[in-house]
Amino acid sequence: MLHTPHVDWFGLGPIFALIGASFLALLCAVLVPRAARRVAAAAISGLGFAAGIALAIWLYVDSASGRTIVAGTFYRDRWTALGQIILCAIGLATTLLAVEHVPGWGSDTEPDRRDDHVAEFFALLLASTAGMAFFVGSANLMVLFLSLEWFSIALYVMCAIDYDLEGSLEAGLKYLIVGSFGAAALLFGSALVYGATGTISFHGIAAAVAAHGLTGDWFLVLGLALIIAGLGFKMSAAPFHMWTPDVYEGAPTTVTAFMSSATKVAALLLALRVMGTAFPHDSHLWTWGFAAIATASLVVGNLAALVQTNVKRILAYSSVSHAGFMLIALSAGSALGARALMYYLIPYSAMAFGSFAVVAARERELGVPVTLDNLAGFGWERPFLGVAMWFFVFGFAGLPLGGGFVGKFYVFAAAYRHGWVWLVIVGVLATLVSLYYYLGIVRAMYMRPAEELRVRTDAGVVVGGGSPARETLLQIAVGGALAVSVGSLFAVGPLIELARHA
Amino acid sequence: MNATALTSILIWLPVAGALVIWMLPLSRYATGSLAVLVSLLEVGFWIDQATRFDFSRSGLQLAQQTGWISDLHVSYHVGVYGFSLWLVGLTVVAMAACTGYGFWVGRDRARAYFGLMLLLTGATVGVFEAQDLLLFYAFFEAMLIPLYILIGVWGGPRRLDATIKFVIYTMAGSLLMLAAIVVYGLQVGTFDLVSGPSSPSRWLFLGFMFAFVIKAPLFPFHGWLPDAYRQAPPEVAAVLSGVIAKAGLYGMLRIAIPKFPDPTSFYRTSVLALAAAALVYGSLLAFRSRDFRGVVAYSSLAQSGLIALGLFAGTDLGFNGAVLQMVAHGLVSVSLFLIAGTIERRTTTGEFQLLGGMAKGRPALATLLMTVGIISLAVPGSANFAGEFLILAGVFQRAWWWAAIGAGAIVLAAMYTLRLISAVLHEARGSTVDDAALDLRPGELALVVPLVGLLLALSAWPAGITRHSFPIGKAPTATVKGQFR
Amino acid sequence: MTGGAWLCLAAPLGGTIAILLCGTRIPRAAAGWISTSSVAVAFAGAIWAFFGVHSQSRPQIIGFGNALPQRGELTTAWTWLQSATGHHVFSVGLQLLVDPLSAVMMLIVSGVGMLIVLYSVGYMDGDDEERRYFAYISFFVFSMLLLVEGGNLLLLLVGWGLVGLSSYLLIGFWHERPSAVQAAKKAFVMNAVGDATMALAFFILIAHTHSLSFGVLSVHLSSTETSLVALGLLGGAVAKSAQIPLQTWLPDAMEGPTPVSALIHAATMVTAGVYLIARTHAIFEQARTVELIAAGTGALTLLVAGLIALVQTDIKRVIAYSTMSQIGYMFLGVGVGAYSAGMFHLLTHAFFKALLFMAAGLVIHAVANEQDIRKLRGVGKLMPFTKWCFLAGALALVGIPPFSGFFSKDSIVASAAALGTWYGWIFWVCGVLGALLTGLYTFRLWFLVFPGEPSPFVREHYHDHHGREGAWTMLVPVGILALLATFGGWLQWAPKWHPFTSWLAPAAPTLAAAAPTSTQEYFTSAATVIAGLAGIAIAWAVYSEQRLAIPAAPFLRRTFEHKFWFDELYDAVFYRPAAALAGVLFREFEEPVVLQTGPDLGETTLAAGDLMRRIQTGLLRTYVLFLAGGAAAVVLAFLIVR
Amino acid sequence: MNALVVASVGNGLVWIVWVVAGFSLLASGVAVVSFSNPFYSALALIGNLASLAVMYLLLSAEFVAAAQVLVYAGAVMVMFLFVIAYVGPRREEAWSGGPTWQSVGAVLAAGALLVEIVVAVGLQASGHLGSDGKVGPAFGTPAWIGRVFLTDHLLAFEITSVVLLIAAVGGVILGSHARRGVPNPEASTR
Amino acid sequence: MSGPGVAWYIAIAGFLFGIGALGVLIRRNPLIVLLSLELMLNSANLALIAFARHFHNGAGQVFALAVMAVAASEVCVGLGLVVALNRKRLRLDVDSLSELRG
């Protein structure tokens, strides 16, 4: 007499694929001999993500009309599917990036434990992606919170997985504590919203607000504010961004690449969904709220990035500023804004991942943190990576080398449609400031005189990247990112169609 | 071949060339010759385009349009008008010469270098052919990227500051233009330049003009100019002052003036004042500056001012003169910078104290520099004279004092140009000028002589451009008022 | 006849191009011969054109825009410049005009030019950049012919500018000499001023008539505009013809080789101003005041130049000032409206002034390029031929009958008298005084240089050319010109026969007001001749026999030596202020403001960035604090707005 | 059965219990934050949890209360105490230093949040909150909870398990002693 | 039922939340910071339960239970980190973890 709800297994397909792969990878850790473990786990992870992409695409094609499944707790629609495609793609790229240099290897001085936690790393990668895949589809506050914690916890561990390095541990702890605080805020907010409306499902909330005229309800407003704060933390928007540079710098670069792209995608997509479906009647509040947060992010991110020398920090701050740009789209609170955000996310995630991947490559060949100084000459030694990097940073800067250009254009258009010329101006000025450090990276890679190329590493003096290991898979990953970021400039039409139907 | 395809080919052929160069591991020599070949092909295609162009018809010609960003009505729309045809011609010719120069001096990191030069060619042609605001903006920005790297990598000792300054300045302008583009496009519902209606908004006009006056540049927005022109490699400086600067002026002619008629007339006096200021100020500073490139740099500031005078005079003579002057001055400054480059290669400097007496025993160098210099000071009968005469005659019809200022500036131009010529060629031999400093080599002649030849041809028949920049038999002002439709 | 015109124009240009292209592949001398022959061909073309006009019996309407019947023909090669303007089309063709006036000028330019180029073959022999010289000089002849043949105002301006250019090139021919380069620049810039004023005048015409054909000169504009146009043209003429106030470049221009001085700065280019006024007399007659200003300028210049010439010690500079003063006469002539008289003086002046320069050139050439007349005493004894030729030129210059100057100069002064107004008589007096001065400085030069025993310097430095006073290429032209200077004036004696005037009548008819009666002619001739003789007598008394001592007037002498301080004036009023202004602008505006603003803004931004960095303390609690604070802020805002 | 209890003791007693529980809740909370020795803080937290459980009972959520006691006071706190013991007691002055604006800001921010919430509650209480009626006897019973878990919130239930698993893996990765590079004297001594 | 209304419970929860936040903000010992985080989560739980009571629906209680599990997981990872820190012989003081800054 217990009516368990019908579970749409296919609707959860991508997630199950990822979870399954995750478990398999975990099994590798114990079953597969150490020699083969890395390859096996990597292969499983790759296949898992591939399967995820495939299923997500199928899902996109199949679910033209969105609906909720499993007792209205999860959305099965193109929106979710699209998000899952992007996330799985990032995961796949991360796998490629990780294979040849898995975080958690510890230092090379101990060859006997070079494969420490290899399988676990891939398991966590898959698991966190699965969590995000859940996150973007969650249909009520509880699932939202749980899936958030799901991928957050996985990320905490991934950040700290290089625990022989103090920086990694520090990053992990900072992320954990700040993140838990943010989660607590979000949770309390959810509780208050629940208290105001008596339900936790997005649709229910909107319905209740409409029904009882709760638009200005104290608890509702309070909860909304706290939820925004919690999400703002995840998308690392100012002033909730402070953890970002430290964690991005401290975490293994592979993980950073994954976080900087995937987390933002998930957080922004979800924020858009929540605001749109659960709080449409309070848009007068959250549009302004997000506009303010966007402005703060643009100002803080760009200004702080100007004075950095560590490339990972620069990129971290730039990701803060880009959170600002995407929040402009979000704050427009219109269909155009949604499309703008959807579109922006594609080239952005590609560029963010790609740029960190390039940094990772440099880091691996030098063995020291990458700074503007020891980036000198990189462009000439590794032409492909160099070109890719300047495509990425110019794309970040909104120069027409990639989708970033059209993305900015879209965002501004959305802002103007919403009647916010001032926000357009802010964005424009922010872009102008950002040029300085983006150009700085290119300058470091190409324009420094040769004698600056000698860098000191703990392994003594090496001429920058004297004979770097050829990391084919890494280059493939970067190439993919490059293809996406450039391709999105030309394929604007189709991508927008995707977004429009989502 | 399909005539309209030419328009796109002119843009994308060099880009494709750049990609090929980056993909294939060619030798320096092969790379260079490939690049030169492509740039010559460009010239060929342009000639083909010019022959297919119907100068008597009004409206856009050889146009191509395909959707790009459908929901905001942004499209890939390219085509040419009479005047843009001439500017495209200027671009391909100048780029061919400059690429050739790079080949001749054997720039290191050849693949990167020539790829960027080709990229620059494509982007610049795109600026002059784009008929959609966003596309125009894209190309306008795309020019910056190769320029940034070209100056920053192959430039002079203080190149880093120069590049940052240059890019930030120009981007400051063009980003405001982006804002203006967004607003305009969403207001009128299309980003298409041909079908887009005119707008009365002064703010938008200022937004566009800000980008153009920085690019051109006009006084006092030329803060980036002296460093960039001094630090860039000579051939890039040539492109900068000869072609890129014209993009700003082209923007005024193609967008600012026709799309914003009321603001144009409202701000006419102010813009004319800026232009006149640039003319006089540039000439004065050119007269005092102590090195070859300094003189040319400030003189091109002055020339931009002059052309802007012609454009904003809003008279038929002014428009025709401005177009002619754009082309003529483009050729002149390209030749001058290339000659400056050859001189710097021989003497390692452009400082006037260290130069002098180079005419002795270097007839080719002397003759070419003399010829170009004379043309650039607009001696009556030269193409530049024709241009300046029309411009000033045109602006005279607006108000006599503009023409008076211009006439005064012509005298100043004579002063600084002659100073330049004699500082390099005449009087006692400079300390850096030794017998090792040979006369121009055949390769260099092959680069400069064609340019000078074009200038002389243009001097013999300036009407060739003034008659064919706007539909024959239709007054330019009418054409502009009608937004070139 | 147009064929002749085109041939006349094309030949020298062809010569230039040929010499340029051949470069060092031909011997130096060959360049000279190419140049000479090209100018000779031009002369042939000129003759062809002349007889073409001559044979054209009836006046006919030619494409002037105005329907006045003229003699001559207008021929267009192609449209040089064209632009719509309003409903009209402003179009300028590359067109030549052959009419009595231009025919005469073509003859003078190509004829005298031919002789002088031939002379240069000898004179420049051995200079290691001979080829460049001949390329330049042929280019000058081309430009000058373009000037006189140009069929519309713009083309005239083109020729106008090109002669200025070639004059610049030739003055600065010896470009190792700083003085030469300076002089060249000075000449060019001062002419550029003239070009600018002409251009402004043209702008007015375009604005009102949409055309620059000569015809528009006779259309009626408002009196102000007419005067402005005339003033603009006058400015050009004054600059080109080295009249006050733009005269200072001419003496410096003597830095160029002597043949250049003979051709450009005596015979042809400097007289272009006279031609311009004669050509555009229609507008000047509409603005009579301006025309009289021109006359006044001439009168003033001829006196000032004469006075300065008295104290010059450089043989060429003396002649240069005499040129200025003679052109002053011409301006006086065309100014009062006696165009034919002015043009006639232009013709004779071309003969005798070229002669004087070239004779001087012979001397300079023979004594190792020494030009200081105080060292050259008695050179005549060694160079008899030169001596007599020079004497002929000198007498012609002073205007002693039967030498040519007498016929031309006197009718100018006479036509001044013919005005009969007060200023007319002032002009007349000036003219007569000028004759006195002319006699004085000319024969000062003569007595100082030629007669008497050769000075030791001369003996020491004199070297003949294979037993002759110079190469035959130099002597022949001098001889021919001596004959022309002597008999050329008989072409017209105003009171009795005047073919020249009637020839010019269709193109530039003399104003009735300026047509002197025979009595005025005789009277004036007597006055001027007496004045001239007086001048000669004084010169003889002072410089030959030392009968008289020069009155010690130090102030006057200094004034004359400083050329009335015109150079100093311009330096102080124009050049220095401009240079100073440029310097100030650079120091006070360009560097601190224009170049610095960007970097300053950048610094400020970076400082702000540094602040951000300091907030990023690395302390976990700070981060949580910002998270909490941010949350609190958002909550507060929402609670307030809600 | 608890429903009977509540019914029998009546309002007054409920109020008293609530006040006592609430007081101990806040007091223990403050204690957690202010003890300098983590061990005491942990103990204080246990007290805190206990009083929370009482609150839950008052709110007729027996199952949650029970879970609270078992999961928290049981598992979690034990884990805490183990770690504290392993790390060894370390004293730390209660109020950390750092930049002065830091401490001030800390108090301000926390205070601001607190005040905002309480104010909202106050304003809300005047609104539709306040009232509340009877609940069915089944409310809050394990069975009922179980049903809810397996019907409406099946997904949440599943997710929770995954989260726990991931946390376990993470704990293993981070905490595992296996083949530690850094020598650990304590480990050897132990 | 009678007795204190939901509002009172929420007020308590608010206080608890504030206290927890304060703890996270001012304490330097990671263990105590973790404890403070527990306080915050618990305050949310209290609110949830109270609202569940108010609305008579189970979501709140289920949510609370889930939160407990989550809290446990967080603690698990957090303690793992603390152990790792301790193993690296680092002071248990979050302020000492300021290598990454600027």
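As written, the chain order gives the labels A, B, C, D and E, with residue 1 at the start of each chain.
As a convention for this text, contacts are C-beta pairs under 8 Å (C-beta built on N, C-alpha and C of every residue); 3 or more make two chains touch, one makes a residue touch a chain.
Everything quoted here is computed from the prediction, not taken from an experiment.
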TODO: Could you tell me which chains are in contact with chain B and with chain E alike?
DONE: A, C
Open item on the list: Considering only chains that satisfy the touch condition with chain D, which of them also satisfy it with chain E?
Closed with: A, C
TODO: From chain C, count the fewest steps through touching chains until chain D is reached.
DONE: 1
Task: Relative to chain C, chain with the most remote C-alpha centre - done: D
Task: Most centrally placed chain - per-chain CA mean versus overall CA mean - done: B
Task: Rounded Å distance between chain B and chain D, as computed from the means of their C-alpha atoms - done: 71
Task: Centre-of-Cα separation between chain B and chain A, whole angstrom - done: 43
- [ ] Just give me the whole-number Å value for how far the CA centre of chain A lies from that of chain E.
- [x] 26
Open item on the list: Measuring centre to centre with CA averages, how many angstrom lie between chain B and chain C?
Closed with: 36
Task: In chain E, residues with contacts to at least two other chains - done: 6, 10, 13, 17, 20-21, 24-26, 28, 34, 50, 54, 59, 62-63, 66, 70, 73-74, 77, 80-81, 84, 88, 94-95, 97, 99-102
Task: Junction residues of chain C - those touching two or more other chains - done: 602, 613, 616-622, 624-625, 628-629, 631, 635, 639
Open item on the list: Give me the residue numbers in chain D that touch at least two other chains, ranges are fine.
Closed with: 96, 98, 106, 109-110, 113, 116-117, 120-121, 124, 129, 152-153, 156, 159-160, 163, 166-167, 170, 172-174, 182
Open item on the list: Touching pairs of chains, all of them, please.
Closed with: A-B, A-C, A-D, A-E, B-C, C-D, C-E, D-E
- [ ] Spell out the residues on chain A that touch chain D in their complex, using ranges where they run on.
- [x] 2-5, 7, 19, 26, 70-71, 73-74, 104, 106-107, 110, 112-113, 116-117, 120, 123-124, 127, 130-131, 134, 142-143, 146-147, 149-150, 153-154, 156-157, 160-161, 163-164, 172, 192, 195, 217-219, 221-222
Open item on the list: So in the complex, the part of chain A that touches chain E is made up of which residues?
Closed with: 141-142, 145-146, 149, 153, 156-157, 160, 163, 166-167, 169-174, 176-177, 180-181, 183-184, 187-188, 190-192, 194-195, 198-200, 245-247, 249-250, 308, 313
- [ ] Within their complex, state which residues of chain C touch chain A.
- [x] 602, 605-606, 608-613, 616, 618, 620, 622-624, 626-631, 633-635, 637-639, 641-642
Open item on the list: For the complex, give me every residue of chain A touching chain C.
Closed with: 173-174, 177-178, 181-182, 185, 216, 218, 221-222, 224-226, 228-229, 232-233, 238-240, 242-243, 245-246, 284-285, 288-289, 292-293, 300, 303-308, 433, 436
TODO: Spell out the part of chain D that touches chain C in their complex, as residue ranges.
DONE: 96, 98-99, 102, 105-106, 108-110, 112-113, 116, 119-120
